[in-house]
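Chain IDs A, B and C follow the sequence of writing; residue 1 opens each chain.
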Amino acid sequence: MAKEKKLHKQHRTLDSVISHAVLILISIVWLFPFICIVLQSFRSYDTEIGGMVGYIIPKHFSLDSYAWLFSKDSQFVRWYLNTFIIALFVAIGQTCMVLMVSYSLSRMRFKGRTLWMRICLILGMFPGFLTMICLYFLLKQFGLTQQGAIPGLILIGVASSGMGYYVCKGFFDTIPKSLDEAARIDGASRARIFFTLTIPLSKPIIIYTALTAFMAPWCDYIFASYVAFGYSDSYNVAVALYRWVNTNDYQGYFTRFCAGGVLIAIPVTILFMCLQKYYVEGVTGGAVKG
Amino acid sequence: MKKKVLSLVLVAAMAASMVACGSNDAATNDANATAPETQAPAADAPAADAPAADAPAEEFDYGSGSITIWVADAVVDFTKTQAEQFIADKGVDYTITVEPVGEGDAAGNVITDVEGAADIYGFAQDQTARLVSANALQQISGTGFDEWIAAENDAGAVGAATVGDTIYAFPLTSDNGYFLYYDKSVVTDPTSLETILADCEAAGKSFYFDLGAWYNVAFFFGTGCTATYETDNDGNFVATDIDYATNPQAVVALKEIADMVASSAYQQGSSVDAADATKLAAIVDGTWDAASAQKVFGDNYACAELPSFEGSDGATYHMAGFSGNKLLGVKPQTDAGKLKLCLELAQYLTSADVQTARFEQVGWGPSNMTAQASDAVQADPALSALAAQMPYCIPQGQYPQGYWDAGTALIDDAKSLVGASDEDIQAYLEKYVATCTADIQ
Amino acid sequence: MKKIASFFKWIGKDLKDIGITFGDGDWKTRISYLIMGFGPLVRGYFARGIAFLALEVLYILYMVSFGADYLAKISSLGTVETHMDLTTFVTVYGDNSFLILLYGVLSIIITLAFILAWRMNLRENRNEELAARENRKVPTVKEDLHQLLDNKFHVTLLALPTLGIFTFMIVPIIFMVCVAFTNYDKQHQAPSNLFTWVGFENFKKLVSFGGSGFGSTFFSILGWTLVWAFFATFLNYFLGMAVAILINKKCVKFKKLWRTILVMTIAIPQFVSLLYVSKMFAPDGIINSKLLEWGWISQALPFWKDPMWARVTIIVINCWVGIPYLMLISTGILMNIPEDLYESARIDGANGWQMFRKITLPYMLFVTGPYLLTQFTGNLNNFNIIYLLSGGAPQSIDMTGSAGKTDLLVTWLYKMTLDDTNYCMAATIGIVVFLVTAGISLVVYGLLPSVKDEEGFQ
C-alpha cells in the first residue's frame, strides 16, 4: 500500500516535470519571434546592416532605429497619431453601434427581427475584400479618400459594425429579463432601462467590444492603403510599416520595421494585459453562444 | 406600424444621403462642365493650337491649381525642390505636392483610379503598355515635346516610352539593367558562373540571382532565344515572337538555370537588403542597390558585367539581359493650361541638367545623352559595369502581364526542374510559353 | 418553394388591399395616390402629411436632377467613349460605367424604397379614414415620438446601424454582384474605358478548362481552401484544448503565467509578427541558416518553395496563431464542466483518456459547435495568414495568372482586384466564396445539436 502510494507520488512528480517542460517549450516557441523582433530593433542601420541578417543578437546595441522613427526624416509620429485617432473613434463608434443593435435584438421582439439577423448572417458570408473597390469609390464620392482618408476609415470602421453583435447579444441574453420587467412595471421606458439598467450591467462586454475595436485599426494595412491612395499624410502605421518591408524603395528598413512594430505593440499589449479579464470573458462567451 | 416608422426613417435617411451624394456629384459635374469653358479661351490663344516646347508662350494662360507628383521615396525631396524651382521661375499660380509612391506601385495605383492619381508620376517601363491601354498616359506625340524627347535621349529610352508609333512618356533614367556585384575576397573570377558558384560554395556563402522574367532572360537571350511582343496603338498586345518552346537553345538555357539552382550557394533574390548580409558574396542586381552593396561588401566591393556559363551542349554563352528605363508620365488632363504646364514640368524634370543633378544626388543613371556624357557618370563603377554589360542586352520593349507571371512561376518551379529530363524541360517550356502568350488578343 | 408561394400570396393580398383602399376611400385618400400625404394634410395631421409630401418631392427632385440619367443608361452602362481632343490634346471624359452602375443600383433601391413609402402613405390614409368612421383617435405625433423611446425603441436604436449596413455593406455587395456580370477588367477600366454587361461569361470562364479558362486553377484553389479550412479549424481546436487541459492540470504551477505568455501573442499586431515569421522561414532566413550552420541539413529547406512544404508550414504556423485563442476559450468552458462528473467517472475506474473522450470532448463539442462552424467559415476567408506568410507562393506555371499553390479563394480574389484589376473575375470569385460558405453553413447548421432553440439559452 505504501509502495503503491510512493509509486503514485513518483508518477505525479514525473507528470509534473513533463508538463512543465512542455509548457516551457511552448512558451519559448511562442515568444521567440517577439524576442527576435525586439532584439533586431536595437540593431543599428548605420553601423551594422538594416536588412535581414542570419544572427539574432545585434553586435552593438543602439537606439538608432527608434531615433530615426522620431526624427524629421520620418513621418512615423504622424502615422502613429493617425492610427490612434482612427482606433479611438472606431472603438467608441463601434461600441455604440454594437450596444444599440444587441439591445434591440436581445430585449425587444418586433416584426423583422429574425429577418434582420438573417440578413446580417448572409452578408457576413461575402468575403470582405469583395467590396473594397466599391467602398473606395463610394468614399470618394463623399470626399473621404486621400486627404479625407482618416474620417473615411473611421466611417467604414463604424458603419457596418452593427453586424458584429453576436457576442454582445449573447451577453445581454444572460441578463435576467425579470429585471427589465420589474422596471417596466415601475413605469420606466425602454430607453430609460437601456441607459440606466442594461448599460451599467454591461461593463465587461463594453470593454471587450471597445478593446477588440481599438486593436483592429493597428493591423489594417490593406484597406487603409487603398483609401489613403498615394497620400502619405493619411497613412496609418500599418500601411507605412508594410511598405517598408514589401517595397523595393525601402531597402534596409527592416530594423526600422521592427522598431516600429515594437512601438505599436507596446500600447496595445499594455492595454490588452490590463483588460485581459474582460477579453477572456468576451471571447469565451462568444464561443459558447456561437 | 413599427415597420412603418422604421421604413420612414430609413427612406428619409436614404433620401438625405442620396441628395448629399447627388449634390456632391453635381459639384464634380460642374467642375467637368467648366473645364471646356476654360479650354475655350485657351484654344483661342495662338500657342494652344500647337503647344510646342520651345515656342515662347508669354500670353499663355496656365490658370491656377495644384500638381501632384508621385516618385520613389529616394527622390521626393529632390523632385520637390526642382519642381518648386520650376514653378517659381515660371511664375504661375500652382502648388506642388510630391508623394513617395514607388515606380513599382505607381502604375497599379494610377490604373485603379485615374482621377485620384498624381498628375505626373514615375513608373518602370514594363508598365507603359498597360497604362496606355487604361488611358492613363497623356499622348505626347504631336504636342511638340516628342521631338525633344527623341532628340535628347538614347534610342532605348525613346523606345521604352513608345507604344505603337506614339510617344507616351518622358524618359527619366537608363539604368534599369542588371550586372554583378561581388565580394572580391570570395569570388576569384567574376567572368564565369561556374567559378562564382564554386567559390561561394567553398566559402559557405551565397550567390543571389533572381529568376523572375526580367532577370531570367540572362539565360534565355544569352543562348540565343528571343521573346518580343508587339502592341497596337492602344497598348493592346497583338502579336508575339517567343521561341522558347521551339528553339532547342531554350532547353540549354533552362537546364543551366536548373543547374544553378541545384547549387547550395544559390539563393533566389535581387535585393541586397533583403538578402542575408552575412552570407552574401555575389548578387545580380541593378544600380539602385549600389550604396547597399558597397556597405555590405565594404573594401571588397566590386562590380562586373554578367558572367559567362558553359551550357549543357558544351558551348560557352555570355549572359544577356534587358536594358530598361524609368519614365515620367503625365496623366491625361481635362484642362489645357494645366496640361501644358504638366508637360513642361515633366520635360524640365527629365532635362539634362536635372538628370545630372539627380545622378549626383541619388545615383540614378541618366537617359539624357548629354547627361550620360558627363565625367561623373562615366566614372561611376556601377554604371560602368552596367555599360560593360550593355552590348549583351536588348532594349526592353513592352511585355504583357502573362510574361511576368510566367517568370514568377519559374522562381518557384525551378527547384523541381533540377535533374529533369530533356522531355520534361521541353514540356515545361511549352507551358511557360502558353502563360507568356495568354494575353495576346 | 413554400416561402416563394407565400411571398406571392402576400403580394397579392397587398395589391388587393391597395385596391380596397382606393375603392373604399374618399377623395382625400384617392388624391393621396398621386400626391403623397394629401389625405393627412387635409385631415389635419400636418406633421405626417408634410413628411410624406417631402419624401415625394425629394424623390422627384432626386430622380429628375440625377437619378433618371443614370437609370436610363444602366442597360448599356454608357456609350460615350473617352477621347482626346486632337487639337488641344485635352482629354474629354465620356460616360463613367462605374458611376452609372453604382448610381443606377442606388436609384433602383431608392425607387423601391419610395414605393414602400407610397404604400405606407396609403395605409396611413386608410387608417385615418377608418379611425374617423369608427370615431377612433389617431395617435398624435407626440405619442408616436414617445413610442420611439419606449415600445418602438428598437427603431431608434436600429436606424443608424441599419443605415450604415445598408450603405456600406448591402449597396456595395449588390454592386459587386452586378459587376460579376460585366466585363469590368483591365481592358475596360472606368472612367477611361467603358464596360458593359456580358451575362454569365465570367462564371463560364471560371469553370472552363483549357485555353483562357480558369478551371484548373479554380478547382485547385478551391480544394486547398477547403483542406486548409479543415486543418486550420480542427488542428487548432484540439491542440488549443490540449494546451488548456495541460495548464489546468492540478500539478501545474504558475497557471496564470503560462496563460499570460500565450495571450500576449494575441495582443501583438499580426502583420508585424507574421511578416517576421514568414521571413524566418525564408531560404536565407534564420531557421535555414541556423540549421545549415549546425550541419543538420545541407540544402535550405524549401518552406515557401515547395507546394507541400508551404502548405504544411502555413498550417503549422497557423497553430502558433490560433492556439492561444482556443486555449482561452477551452479554459473557460472546461471550468464549467461539473466536477462531480469526473468524480463519479474516477470511481468507476476511468482513466484520463477515457474521461476526456466520454466527458470533456462531448461537452466541448456540444457547447462550441456553432463556434466551430463560424471558425470554419472564417478560415475559408482567412486572408491575413496566407497573405502575410506566403503571399500565395509558391507560384507555378500550372496556375493561371498570378495564383499560387497556397492561395485561398479570398487571396486570389485580392490579387485579381489589386494586381490584375480584373474586377469582374474578382466579383465572380467572391460570389463563389459566398456560395461555398453559405452551402457549408446551411448543411452543418442543421446538424448541430446545440442550435435548437435560441430562446432556450436565455
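Methods note: a contact is a pair of C-beta atoms (placed from the backbone, for glycine too) under 8 Å apart; a residue touches a chain by one contact, two chains touch by 3 or more.
Just so you know, these numbers come straight off a predicted model, no measurement behind them.
Viewed as a network of touching protein chains, the structure reduces to a complete graph with every chain in contact with every other.
Chain centres here are means of the Cα atoms, and by that rule the chain farthest away from chain A is B.
For the pair chain A and chain C, the distance between mean C-alpha positions equals 19 Å.
As a whole-number value, the distance joining the C-alpha centres of chain B and chain C reads 37 Å. Counting partner chains per residue, chain A shows two or more touched chains at residues 52, 54, 110, 133, 137.
Multi-chain contact residues of chain B, defined as those touching 2 or more other chains: 2, 6, 25, 112, 275-276, 279.
Looking at chain C, one finds that residues 99, 152, 154, 158, 162, 167, 284-285, 289 touch two or more other chains.
The touching residues of chain C, counted against chain B in their complex, run 51, 55, 58-59, 61-62, 65-67, 82, 84-93, 99, 103, 106, 109-110, 113-114, 116-117, 120, 123-124, 144, 147-148, 152, 154-155, 158-159, 162-163, 166-167, 186-187, 189, 191-193, 212, 283-285, 289, 298-300, 302, 305-306, 393-402, 404-405, 418-421.
Contact residues on chain C toward chain A in their complex (touch as defined above): 98-99, 102, 146, 149-154, 156-158, 160-162, 164-165, 167-173, 175-176, 179, 243, 246-247, 249, 251-253, 258, 260-273, 275-277, 279-280, 282, 284-286, 289-290, 293, 320, 324-325, 328-329, 331-333, 367-371, 373-374, 377, 381, 383-384, 409-410, 413-414, 417, 423, 426-427, 430, 433-434, 437-438, 441, 450-451, 457-458. Interface residues of chain B facing chain C in the complex, by the touch rule stated above, are 2, 4-15, 17-19, 22, 25-26, 32, 35-36, 39, 42-43, 48-49, 51, 108, 111-112, 114-115, 130, 133-136, 138-139, 142-143, 206, 236, 264, 267-269, 275-276, 279, 332-336, 339, 401, 405-406, 408-413, 415-416, 428, 431-432, 435, 438. By the touch criterion stated above, chain A contacts chain B in their complex at residues 49-55, 110-112, 133, 136-137, 140-143, 145-146, 226, 229-232, 247-254.
Chain B makes touch with chain A in their complex at residues 2-3, 6, 20-21, 24-25, 68, 70, 72-74, 99-102, 104-105, 109, 112-113, 116-118, 271-279, 288-289, 292, 295-296.
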